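Look for subunit A in each of the two complexes below; its partner is subunit B in the first and subunit C in the second.
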Partner chain A sequence: MADLVTLTIDGKGISVPRGTTILHAAETAGIKIPHLCYCPGLKGTGACRICLVQIEKVKGLVVSCMRKVAPEMVVHTNTEEIREARRFVVELLLSRHSGLCLSCEKSGSCRLQQYAYELGIERPSFPVRDPGYPVDESNPFIVRNYNLCILCGRCIRVCRTQGSDILDFMKRGIETRVSTALDKPLQEAGCDFCGSCVGVCPTAALMEKNRRGKGREWEFTPLRSYCGYCGSACELYYNLKKDEIVRVTTEAPADYLCVRGRFGYGYLTSGARLTTPLVRRDGELVPAEWEEVLELTARRFRELRDKYGPRGVGGIVGALVSNEAAYAFQKFIRAALKSGNVDSGLRFSGLDLLRECDGVLGGPKGYASLEDIAAADVLLVIGDVWRRVPAVWGRIKRAADRGAKVVCLGLYAGRPTRVAQVWLRPVPGAEHLVLQQLAAAVLRQVGERRVRQRVAKFNAFKKELASAVAVPTGVGAEEIAKAAELWADRKAKGVVVLAVDGVTPETGRAALNLCLLTGRLKNALFLGHSLTNAQGIWRMGAVAETLPGLQTGPRVTARFARLWGATLPDIPGLTAKEMLAEDSPVRGLYVLGENPVASFPGCDRVAARLKKLEFLVVQDLFLTETAGMADVVLPLAATAETGGTCINVEGEVRQFREVLPAKTLAAWEVIGWLASKVRLDAGYGVLRQLKSEILTAAPGYGVKAGGTPRPAFLPVGDAVPEAGPDGSLRLVPLAARFGFYEGSWALHGGIRALCRFGGDCVGLAPEDAERLGLEEGTAVAVTTAYGRATAVVRIDSGLPPGVAAMPAFAAKTNTLLIPEAPNKPVAVEITKL
Partner chain B sequence: MSEALCAVTRAYQEYMEFTEEQLCGRCIPCMAAAPMIIDVLERLRRGDATAADVDQLERICAEVYVTALCKHGQKAVANLSQAVKDYREAFSLHAEAKRCPERSCTEILRYQINPERCTQCDRCREVCPAGAVVGEPYVPYRADNYPYVIIQEKCTRCSACLEVCADKAIEVV
Partner chain C sequence: MTSVAERAQEIVSNYKGKEGVLIHVLQDIQGEFGYLPEEAVRVVSEELGISLAEIYGVASFYSRFYFVPRGKTIVRVCRGTACHVRGSGRVLGKLEEGLGLKSGETSPDLKFTLETVNCVGCCALAPVVVVNEKPQTVLNPDKVIATLKRSGNGGQD
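On to the complex of A and B.
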């Protein structure tokens, strides 16, 4: 390379690219320069003065974390003068560090301690003063003991880079300390507990609360795995001490994990986990032996199949299980039960949209990754994606800090709207129309001719745009024009950040059209999804329409029949929607890792339908609402116990690691055992065998790098939001509201801190609350045409008037939503109880 | 009270001005050294410091000068170093003899009455706001006329007695 710089560090000649800091250059030569305030992944400030080095012909000492290399530089990193200066700084730090290393959690991994040792500080030369700050333990996740703080400012910088941006230095001079505005506790200051600050803290000033008293870091074994909560499946390290997860860390200290990843591991070890099968006897679920329960299950399924035919039985699998479990499940239903009725809960959270987008983008290679978001110049952030896939936020913030333009579409005044240049805030239900109007404005700038050449179905698209232009959406033409100008800049790397499960299909298709319109086909659409294996489940064939590897057709069916050694049913079986319809033929149902009674929209009807079943088997981590109705409940092992793979939102296959001892049998072992009872069969029970079968059936886990030679615009549809009378409210499920995840793992796993209000609240704008005479905490009845629920009012100034927001994923919210269209706003009545 | 300030007081005041107006607290040496520097200077002014403290003050200043991030912090300690160097005698006097010849370090001062000179005129007892002076006025031909004394624990070093004493019997050491 042309711009390599050659310099000498401690007598070693090295060549590094221009612009490298001395600290990095030394690292490449294996020379470690001690440092406290510098943290890889964050901007340097040169404040701690530990990384001082000497450069020949340069007066004084310079900080190596800031100084860039120059040709012919001769650097000394460890002379007595430098050591003396470093020793002095460390001694100064020790003078205001009142902690007792003997009993400190961080002992052994504390940088201050390490440097004190390396520099040979045996006893402090200065008297130690206790700053006497109170220790903040008021939140459930992080203990803040600023008496141990050395003011390196890492937490402040990481909070600014990828967190909530709430920490800063407060006061000045000797009284300087790190705090939030007005010294508020974290939970009031707007922290969402991503824990990045804990990850970067070099001392024990910021600590995970749950880790206290559980040992020192040298006793922990860090095991690399992936988070099992949302679709991004972030890489993480479970730090274990004797089969107990003590803390969660990341590869580099400043890597992002959200509150669920870093602090939400408790569901794995929760005492509420199911460990033995349960069977219903005299109306009560009682523990039973595996053999007995599986015998019963197999017998009942055989009977039902004989009685009602293969359409009388079916299976529904959730999108949080591994590829292997999903594959074994659909194989069991199709090959052993000979029923085509296998489907996933994904049906209600954007399956069709995922498939459509995948078709146009030509497979995962065409998806935008998280790194694409961080590298983008223009971002179009749609809805509450940053809550559904929290890792997105850190990337958006980094991009915005770099100067990327952000356009936000959504009704909630959340964090992305603060960094956005343009905030499009439509009335609920008009999101797709805003995107259509935006597309019309972009089209005017881009010019029709080239788009027409590049993308098929242009005329139909243009017609739809024309019909959408005049519809009032609540967004002014000026804002649309501003956003259009940003998006129409075709040289800028643009990325649409979309939560597939958080928008209406119309919005999703309109977003995809926007990408096509500006020729942003490759790596320009981020398909965020709240569920870990949303991408894997349908690739594994656990949906009604396709066999593993997204394959369909009689020849494929025949091939699978040979592979599985069984005659296969007609392939488009019943979908989950059809299976749960009032008049469906299904009499026996196997539900794996899904909780239809709580997580399907219109869940009251689902519950009523499940009651009519003759036999219901539920296999899950916890005794969920659905499991409570089952005839047989089977325990499910978590992915962190059994291993397996998933496919994340970027389309990457991620291999979970067996981190914990299994509390129970792996899903495929259970299914294999069950299959052998229904029909003599093999090839389910062993993970390795199953994997090689999957690779035969669906090469590369169905992650195909197909491609569409000429993409076509998708029809968006002309749904117009119904305008209710003045003062009427629309109910919107919103992941952005109320802080944390409201999922069944957190709820049933006893991690109450992760679901602060238990999914039991309705958010209102202050104006609406006043008009209705409601206060914070008032109990209300929330009624829609589809159901009724009780909730507690939370007043939220981030919401616009006319909107009642309820947490997405919560059972009560799902009761109230339209069963067919979970993300469509519905008219809602709120009355005081 | 005298208007002249001793070198220690001047250095102290200058450094305090720096901490109050410029010290930002964003780089560690400057901020962490400040309480120690202030402590040594205050002890010098109180008469609680030793010669070792002056040496340490010099060392701290020299090291902060090398390690501090900005020129403001460096300037503050450089000025202080210079003061110690230039007025070494004054610093030693404060540290070893616990004396402040300019009498600007009030806490170090010790007011006492020279019994040889005291005429027991009672003026000092009358003006003392702290009631630190004890004694009885001179009575001719009495055998038990004793000179006045100042109780050190009560004395506030206000120097009121010094001003009223016509016989120069009150000494400050």
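On to the complex of A and C.
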């Protein structure tokens, strides 16, 4: 290839692409050049000068992490002259390094120590000056000891690339050190606690607080698995010492994990985990034997089914459990209980939208991936997706650093709006209309003819656009025009980054239409979802309408009847919404890994409905609010204990590794046991068997390539946000940093510290707070047409006036929202208590 | 918006759209307030799209930027070699005592800031104290203290 450069390094001839640095080139030939300030995945700065090499016919030594290869170059990487120069670098560093390797946590994995050893430095030749900085332990996760810092700047660069950009060098000369603005503690400086800085630090200057005293790197076993918190399911390594997770690391030092992935593993070993079954006796939940509770459960389900028919029983499963658990669960409900009433909590968090998008994109192969975001030229970021799937942020930032244009749609002033060229900030509830107006403007630029040919239902689409054009949305025409110009550039790789569970269906459909409009059908829509296995749950058939593999119809049902050796109920059965309706026929319910009493919209009504059940079984990691109401509580083993798979937001099947000893039985073991008691023999109980059954039932876990030959525009509708009187407020749920994910995992995960007010806060713009005479921390009553809750005020300058934000997923928020449309803003009153 | 933020906004707007203006903006802000109020720096960060950390990094690189309010009268005691051998240590001690401030501190009423500097380049005058940019020989620190205190408004000339 013309683009290859051939050179010689230490006598080896190698060819590398033009533009490669000498350091990289050497690496490909297996020659390791020491480096401190350079970190794979980050831009080099050439600051530390330890990577010096010699190039023949070039005077002096050159910095190999910055110098690019040239044809016929002859490089030496390890001559005595080079070693002497490197020695000098290390000796200088040691002169302000007061650390004692003997007792240092990083001993054995510290680069400074390693290079001192490799260069044969026996004692420092300069007097060692102890900088005497106080060690900062004021936050829950990261210990900062800048006495051990070698000023390589990696932390600064990684924080700039994917963190909150809060670090830099302060002062100069001998006083230089890394710090935040005004030396504020991390938690006040706006740190995300992504821990990236810890990941890249070559010394012990930045360390995980939790690992202290737990041993040295060589005592740990790194096990590769995936984070189970959000839909991204990021790859990570649990570093174990015996059966304890000591720290979490990534494949490459600068790979991104958010605080939950990096530091939130505490839930796995939390003392609050359920480990034995509980049964209600005299009104109290008391521990009991498996045999006894499963016998009871099977009997009660049988009785209820006999008494009320198959529609009298049902099951609801959460989107955080594995594919295997979900598959076994739906099979149990359908084949053993012979009821069609099986559904997922996903019903309330974007199931319909997921399904619609999946249909148009022809399956996960057509979705955009995180890498598509990073590689995009134009991004349209919709809603609070970067808070729901934090991994998105690092990719948006990387794209923006590369020069990608970013358009944001949403009301919150946050990270993405800071890097955005255009920020469309509508009044709450007008998001879809802004997208329609944007589409109208784009259509004018790309011209009708081609679109009409490519995409069906064009006329209906155009009519809807016309009716949306004049509706006031709070966004100016110039802004729309600017955004349209960017999006209409069809040569630019464009990606819509959508918060599937955080927008209204109208907004989601309008976003999809924008992709169709510009012919961006493949890998142009990122379906961000807060829950790890949102994509797997419905593919496993744990939704009312479809059997595993998204299949429906009498022939499919007959096939599954044969596969499962059972007659099957009518499909669809009742949805979660219907099961929990006031007048539903359901009397006995099995809830797996879901907490409807807190996490479903209108959850107070859900609670009232559950109280009317004759029998409720809840299986979960913790004694959740819903479990607290149950007749029988079954412990659930975590995916990090049992293994299993999930399908992430990119449509990738991720295999969880068994890293910890199981605290209890795997979900499918329990379900298998239970099934045998309801007289259905089925091979659920063994993971291997179960997996092969799933692959028969739903080849490829239902992740199919497909593609619709001629896509059609989706109807968006013309719902117009109701404008309240002046000074009135709208309540919106926001997956805000102050609430992160307020599920029981986060609560027990050791990251509770970040949720300052738990799920109990209501965010207000400073202007509104002042007008209402409210201060930070004031206790208030929050009232909507749907409910009333108490909360404390949090003043948040990221919010526009007229909006009150409460953390998504928090029980209180869910009592206040419209049960049928949880992402729709609703009029709210806020009064001092 | 508070007046500090408003004023900062005005200052930044003079430079809007130009490159490499950070230092000038900070200088103007310091000229306005005598130091860099955090509130003003936040405005600069927002408006110029530069992170707070980077701004403080740049500002702390130059010793002429201040992050806390400073006294009306800045008293700087030279600690250079020439002054040292001619008794600047004693001078500093006396001034600290007389003004009730440690080196680097500002009086709560914002009248005085006491600092040390390295050689101010007029060693012939040693021991030197610089009061609001004016170097003077100090043979009798008590007299200096008395003068400083007398000129009630902080010895402005």
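Methods note: the second predicted complex is superposed on the first by the 824 of 833 C-alpha atoms of A that agree within 3 Å, B and C clash if a C-alpha of one lies under 4 Å from a C-alpha of the other, contacts with A are read in each partner's own complex, and residues count from 1 in each chain.
Just so it is clear, a contact is a pair of C-beta atoms (placed from the backbone, for glycine too) under 8 Å apart; a residue touches a chain by one contact, two chains touch by 3 or more.
Being a predicted model, the structure only gives us computed values, none of them experimental.
Applying the stated contact rule after C-alpha superposition, one finds that A:Ala181 touches subunit C and leaves subunit B untouched. Of the two partner chains placed around the shared chain by superposition, subunit B is the only one that A:Ile150 touches, whereas subunit C remains out of contact.
Contacts of A:Leu61 after superposition: subunit B is touched, whereas subunit C is not reached.
Applying the stated contact rule after C-alpha superposition, one finds that A:Lys171 touches each of subunit B and subunit C.
Of the two partner chains, subunit C is the only one that A:Arg160 touches; subunit B does not reach it. When the two structures are aligned on the shared chain, A:Ala627 is found in touch with neither subunit B nor subunit C.
For subunit A, the partner with contacts to more residues, out of subunit B and subunit C, is B.
Shared contact residues on subunit A (touching subunit B in one structure, subunit C in the other): 169, 171-172.
On the side of subunit B, the complex with subunit A involves touching residues 19-20, 23-29, 31-36, 56, 60, 63-64, 66-69. Considering their complex, residues 36, 45-49, 52, 60-61, 84-85, 88-89, 92-93, 95-96, 125-126, 129, 150-153, 169, 171-176 of subunit A touch subunit B. Against subunit C, in their complex, subunit A makes its touches with residues 156, 160, 165-172, 179-182, 189, 418. Looking at the complex, you find that subunit C touches subunit A at residues 38, 41, 49, 51-57, 60-61, 67.
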